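Note that the chains take the letters A, B and C in the order they are written out, and that residue 1 is the start of every chain.
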């Protein structure tokens, strides 16, 4: 592959600057002794100290991460299997019907999803808390995984599977040795966007949570009336930096072995 | 396939470790989990240090959950599946919750500290004899403005908002009762009006305000005013106090035609499991020193008369935070107008917003 | 492949999800849409929907969803394209997603500050001699922030379809004398259509029901169906009317799906088992 010339490099730099500007803005004010996101007074670490003193906030953060990781993992598994089966459906009308159903949760505003899940859970008698939040997050993340995986599946040439079957591969083998390696970039894309969905969700979580279980988003939104504190900025800054470190660290370790995204090219 | 399995195993392991850490953290929280209450409140609406103090004094563990609107809170309590022992709704929501039978009556014998509350805030129309609710914070609706940006202009009347010099300067709060209520007040009607022709007149009046409207937003008003981004805002006294805390130029006034007087009260929802614990909590919050500390932290006006002795005299003498009784008599408390009427208010408001574009 | 019953075993969780979390809620919403505030059966909500106010909301929602999707695609495609050419492309791609993990409300607050009259962008404009401008509460800032939120969702699928592209095909096109544009429009673009379509779906569909930033960034000067539903549910507590609007939103989505799937057959490389 050819190296990037100057113009594309500039363009990418521009995109990254825009993507990260709001985050650096938040970071900048996390050091503000003034207490608000305007009028920087003087440099302080007090908001970072406040994060570590607030056990409740740390527990909420851990809840948030656990729900995000587990829901993304499970929804990716369910979504991938679902997408694979969908591509095997021969009737176009049926396939389209299922795909439309798949997208219903994406188009529905969060309040509606939240309220209807709440009714569902109370009807069935699920105790509101960790389990109900996790199930809901899995539920609303599945469609995004399906949409991310489908194009990869559609690109797969049928002859690949036929060849595998001719060579005596079982159905299981076809799935794990042929299909999944081929669609791996789609799987990772689905996983990461499912993480995004989970971390960003406020309304659904609010409705289906209970018994002391809370996530960061619920906490932040309900602070709006009396003012979001800079402790939250500091916490976000920490999350951001730790995430970056993890990504770079993971990448550095893995670089020699294998790329997480790359498909079957090698 | 191998790396997918590896990633999955790592995720499961990390989650397991995190869940373990959380379980550890939960146990170090002082009081044991047996005797606990769940408090459902607005975010940043209670000094967290007080929760710790309450746990230490009573041995009752506090689980603290937050909500961002009265309506969302009511939906959760109505649907059940949760055990909230304390909630802090606004007055109109209390009326609605009473009607829907969502509240447990309060046993005043268990609240010796109730004597601290200013009698003015007791026995109000939305909850006669305070059968179901105990005052927590209160305030008014008015105009926050920044004279620095307005050549010293001041606001005594709602009519002042219509001043042509304020083109694209006024920010309104995104709430139907407040905005339509302002229109009604400006015309001299009651903000609890259910008279359709009065309401339409108010909407027409507000339509003429359009050139001056910069935006209709929510809690972000605070940030905009503090930044000097907006010069005039229709907002609640509590938020105005937040603004003034961060930007000394800002001032706040309640127009002379009258406005809204609001209350957030503590209630015990039907879903409560630990009713004794809930009473203990309410009584704790009614303590003069505790209420003073909480008011200092939150920055809203406390209805606790005894608490005022423990507060900065400059704050409690400030007419903007603590208007005297005469000023308060111009104010009206929201009545629950019923869902049908609320729908009408909302339709009118939606129409106004549509015309804004 | 022969149709053994075990073939659909792996489909069970997905099917269960559809029944429990798609069909059940939809049934619930449809049911609610036939009731008024007093709990009586009525068609009034549907009649209300066909008033001018909602018609305007629909037009608004579609127009802004279109704008948001268009600009997302416009900026996402080159980004994805150039990303596939970078050395550590996987790392760069992850760096595109990471900002979306920071809380949206916080980022929106940051935008309020950035776009503010005294914010850094206006300071820059001033310095550049363009002068101060009201950026907040305009269509521009609304579309900008919406594109900001959605762009990772557009970049990812496009990146994936570009990344897989067989470079031999492009070489072949160039060998046959095609110029850069022809190569792109005749070879690259058609081969990445599936990714583009995925991207459009995950941007356009949720953009129809955007609500929070219509208030925070557009100051309610942009109102969409999402705003109306939000308000019916949370403020007016008229679940019947809120559900009715939601039913229509879902219908619109079905119609969009119908249209976009029409061309699927012709798309190159859609390898379905025949």
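Simple rule for what comes next: contacts are C-beta pairs under 8 Å (C-beta built on N, C-alpha and C of every residue); 3 or more make two chains touch, one makes a residue touch a chain.
Just so we're clear, the structure is a prediction, and the values are computed from it rather than from any experiment.
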Practice problem: Could you see whether A-B or A-C has the larger number of C-beta contact pairs? | Solution: A-C
Self-check item: Chain separated most widely from subunit C, comparing mean CA positions
Solution: B
Quiz prompt | Centroid distance [mean C-alpha coordinates] between subunit C and subunit B, Å | solution = 34
Quiz item: If you average the CA atoms of subunit A and of subunit B, how far apart do the two points sit, in angstrom?
Solution: 33
Quiz item: What is the distance in Å between the mean C-alpha positions of subunit A and subunit C?
Solution: 15
Quiz prompt | Junction residues of subunit C - those touching two or more other chains | solution = 109, 113, 116, 118, 234
Quiz item: Of all residues in subunit A, which are in touch with two or more distinct other chains?
Solution: 37-38, 115, 119, 220-221, 224, 228, 260
Quiz prompt | Sites on subunit B at which at least two other chains make contact | solution = 72, 218, 220, 223, 227
Practice problem: Give every residue of subunit A touching subunit C within the complex, in rising order. | Solution: 1-4, 8-9, 11-12, 15-16, 18-23, 25-26, 29, 37-38, 77-79, 81-82, 84-85, 87-88, 90, 92, 96, 98-109, 111-113, 115-117, 119-120, 139-140, 142, 144, 147-148, 150-158, 161, 165, 171, 175, 185-186, 189, 192-193, 195-196, 199-200, 202, 216-217, 220-221, 224, 228, 232-233, 236, 239-240, 243-244, 247-248, 251, 255, 259-263, 265
Quiz item: Mind pulling up the subunit B residues that touch subunit A in the complex?
Solution: 1, 3-4, 7-8, 11-12, 14-15, 18-19, 21-22, 25-26, 28-29, 38, 42-45, 48, 63-68, 72, 75-76, 79-83, 218-220, 222-223, 226-227, 238-239, 242, 246-247, 298-299
Self-check item: Residue numbers on subunit B that touch subunit C, as the complex places them
Solution: 69, 71-72, 168, 171, 174-176, 214-218, 220, 223-224, 227-229, 339-340, 342-343, 346-347, 350-351, 353-354, 356-357
Exercise. Write out the stretch or stretches of subunit C touching subunit B in their complex.
Key: 37, 53, 56-57, 109, 112-113, 116-119, 134, 136-137, 215-216, 218-223, 228, 231-232, 234-238, 241
Practice problem: Please give the residue numbers of subunit C that touch subunit A in the complex, ascending. | Solution: 1, 4, 6-8, 10-11, 13-15, 17-18, 20-26, 28-29, 75, 78-79, 82-86, 88-107, 109-111, 113-114, 116, 118, 120, 148, 151-153, 156-157, 159-161, 163-164, 167, 194-195, 197-198, 201-202, 205-206, 208-209, 211, 226, 229-230, 233-234, 239, 242-243, 246, 249-250, 252-254, 257-258, 261, 265, 267, 269-274
